[in-house]
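Each chain carries a letter (A, B, C and D) given by its place in the written order, and its residues are counted from 1.
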Amino acid sequence: MALTKEQIARRIARELQDGYYVNLGIGIPTLVANYIPEGIEVVLQSENGLLGMGPFPLEGEEDPDLINAGKQTITTLPGSVFFDSALSFGMIRAGKVDLTVLGAMEVSDQGDIANWKIPGKMVKGMGGAMDLVASARNIIVAMMHTNPKGESKLLPACTLPLTGIRCVKKIVTELAVLDITPEGFLLLERAPGVSVEDIRSRTAGRLVVKGEVPEMVV
Amino acid sequence: MKKVVKNADEAIADIRSGTTLMLGGFGLCGIPENAIEALTRADVKELTCISNNAGVDDFGIGLLLQQKKVRKMIASYVGENAEFERQLLSGELEVELIPQGTLATRCMAAGYGMPAVFTPAGVGTEVAQGKEVRRFGDKDYLLEYAFEADFALVKAWKGDTAGNLVFHATARNFNPLMAMAGKVTIAEVEELVPVGQLNPDEIHTPGIYVHRIFQGVNYEKRIEQRTVRAKA
Amino acid sequence: MKKVVKNADEAIADIRSGTTLMLGGFGLCGIPENAIEALTRADVKELTCISNNAGVDDFGIGLLLQQKKVRKMIASYVGENAEFERQLLSGELEVELIPQGTLATRCMAAGYGMPAVFTPAGVGTEVAQGKEVRRFGDKDYLLEYAFEADFALVKAWKGDTAGNLVFHATARNFNPLMAMAGKVTIAEVEELVPVGQLNPDEIHTPGIYVHRIFQGVNYEKRIEQRTVRAKA
Amino acid sequence: MALTKEQIARRIARELQDGYYVNLGIGIPTLVANYIPEGIEVVLQSENGLLGMGPFPLEGEEDPDLINAGKQTITTLPGSVFFDSALSFGMIRAGKVDLTVLGAMEVSDQGDIANWKIPGKMVKGMGGAMDLVASARNIIVAMMHTNPKGESKLLPACTLPLTGIRCVKKIVTELAVLDITPEGFLLLERAPGVSVEDIRSRTAGRLVVKGEVPEMVV
């Protein structure tokens, strides 16, 4: 049974460690914040200039000067700090952000990622995505295994314009958890009831299966 | 030394057509509302605008786009703007998209007198086309040049008559960087105070970078994505 | 997430001989007094110290020099220190002198993930020897590499338990830059407060750069050149 | 009659313009602050991290956290602002400081300057001097025309290790005011009672004298 978006987020949240500074992209990655394990303290970075992002404000308490990278109104937490965009990307570039979670349109089995541009469609821009993928020490992609047409998004090489090269470390889809290794996508876990063959049939890039692949604990 | 000007119209009076402008803000947060509005009243066109975003149809840089005052937009993300899209597709408007961190760093480089900086953002992508790639250690970087802008239009929370600026929350974003990068920097503030009123430890932009300052009026501070949570 | 340590001795306990340290401060202003004192008690030697100055004979880095714990000093100005001079002339101590702005910028570069920067300081002088010179526009610049330091020892006025730092007056100097540049950054503060006590707009160094923090004791804050004026 | 150090400082102060941001080196340059003309507002930069340097404090009001680049206790003024050393040299490098005044051991007739190192003597370091001379838009050197041995400090080429090249714009000595031009030292003003020949005999580099050279108004 394929995971829901919430389950994907919950599975990614299990990768968090105490003291991590984390940047969460728009979409499924944002949901990860809802599943931070008990007893673990994580600081969320918003690349428009905030460490310590809090939840959405209560109705009537929105501050137009206080938004996240998705332009949503947010709040601060005790220990929050504001800074300018150069320092924000400076700390990302310096590898101080422990984990970046973001969505993707395609990922290659070498860890290349495409998530900003579709030829023929209006291009809105890469925002901070290229900086994040080029600099983050650890990148997890949260995405569906296939696109709406049923085509695999895990490819031998990206077909869309690239956002970054050889940067993705791990992928969590509704079907599987996979690491990027020199041999290709290494299958780590299967969604409950999803077979290795199901995953293989939806993975266009090199898939490595070693021994028994456990089912994910959801 | 007189940096204080009466209002936005006086501040931008010598901005001419064909000029390159930097405009602070992220989305609609921390944008120089008054200066943009004054530009809609001014006889200027063919502007090159360097700004992280291009506003929405009826606010921010969108107001300048409506009037077809912008020839080229240098930004990292330009969604949320139908008129922008129309002009882009019709070829009236030129757009250069660059990574957000690269944009920030190229502004900072100008303010720090660095002619160029190295950043890994965009290596191996179309952003790298025509750019010098250099390897340091085991990583490749692009050489990116400092921006040059005739004017920087920024918005701060408070400022003093010496041009010192303090920003609030995430409205800081690109503002202090662009304040440092303009050949002429025009700052609008929500509150203009006499020198001595700001704590010297708490100033974000030293006045040496600011050439003109005025207290803005009628700030709308529009929220682009109003999101709230339910009361627990 | 626990960054708070009991005292300087605990904070520096894993600093080993042969390590490269950055030490904040300008002259004796804003130096990490407690960490330096703890190092005098620790079994470490052969240190490489990156700091704008080398203290005086009986204070600051001078205390480490007295104990011959320093193998190499990277600084911009090393006057006011007889023991330093003696060790230098006898060949016990190696010294690399670099321009003050270059020192600051090489620290900043590390904190911003920039592998190298361009600066005109030292072009045409012996500082340029063996360095890459590159022309941008009509001006020559040297390529200078980001510093790498195993530990940065900095001193702030206030800090919170998340490692956020606030500096006071000109005791800021190199401290925030080195705080960003250390692989492990140890901050000592005059006052350690719970998270939430510092205004997020007024923090100079975000806690993401700080790995250990403690409240220092018995600050002497020695004045190197006490100068006063007569009452009018 | 040769100028006193105070008179050199006073003459340099006449170069100040309203709104100038100025960096004053140690020695005679520091004295310039005492002679800022009436009606002119000048902001002093101290490269250790302060704009708006005030006078020395009153006895008992010294703050060990508040010093200038010469490590002397100082005060702030209304409008002062503190910053870190990278931003301090950033604003210098970006040409935001309008004028730098500093001392020198030697200046060449191309504008090279030497002021940090004497071979054979203990070298204390260049501090911020190399950054200042390489970046400042306008540099005035305040120095004696000759060294203690009576040798000219205005040379065809510096003999001491250089601090910077082709950077000095103007020199004020106890004998003369001179600009650096492509033809060499252009004599602009003589100290009262000092002849062109006096100056020529103490100037080893190329000296350019055009027409009548006025006496300085002291």
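By our rule, contacts are C-beta pairs under 8 Å (C-beta built on N, C-alpha and C of every residue); 3 or more make two chains touch, one makes a residue touch a chain.
Not measured: the values here are computed from a predicted model.
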B-D compared against A-B, more contacting pairs: A-B
Whole-Å gap between the CA centroids of chain B and chain D: 36
Distance between the centres, which are taken as Cα means, of chain C and chain B, whole angstrom: 33
Chain C and chain D, separation of their C-alpha mean positions in angstrom: 29
Two or more partner chains touched - positions in chain D: 50, 76, 82-83, 86, 90, 92-93, 135
Multi-chain contact sites of chain C, meaning residues that touch two or more partners: 105, 112, 114, 119, 167-169, 172, 200-201
Arrangement of touching chains [line / ring / star / complete / other]: other
Pairwise chain contacts under the document criterion: A-B, A-C, B-C, B-D, C-D
Footprint of chain C on chain A - complex, ascending: 18-19, 21, 41, 43, 45, 50-52, 76, 78-83, 86-87, 90-97, 135
Touch list for chain C against partner chain A, complex: 1-2, 110-114, 160-162, 164, 180, 194-196, 198, 200-201, 203, 206-209
Chain B residues within the chain C interface of the complex: 105, 112, 114-119, 136-137, 139, 141, 145, 166-169, 172, 200-202
Complex interface listing, chain D residues touching chain C: 46-50, 55-59, 61-68, 70-74, 76, 82-86, 88-90, 92-93, 112, 122-131, 134-135, 161-166
Partner chain A, residues of chain B touching it in the complex: 26-30, 52, 75-79, 85, 88-89, 97, 99-105, 107-108, 119-127, 157, 167-177, 204, 221-229, 231
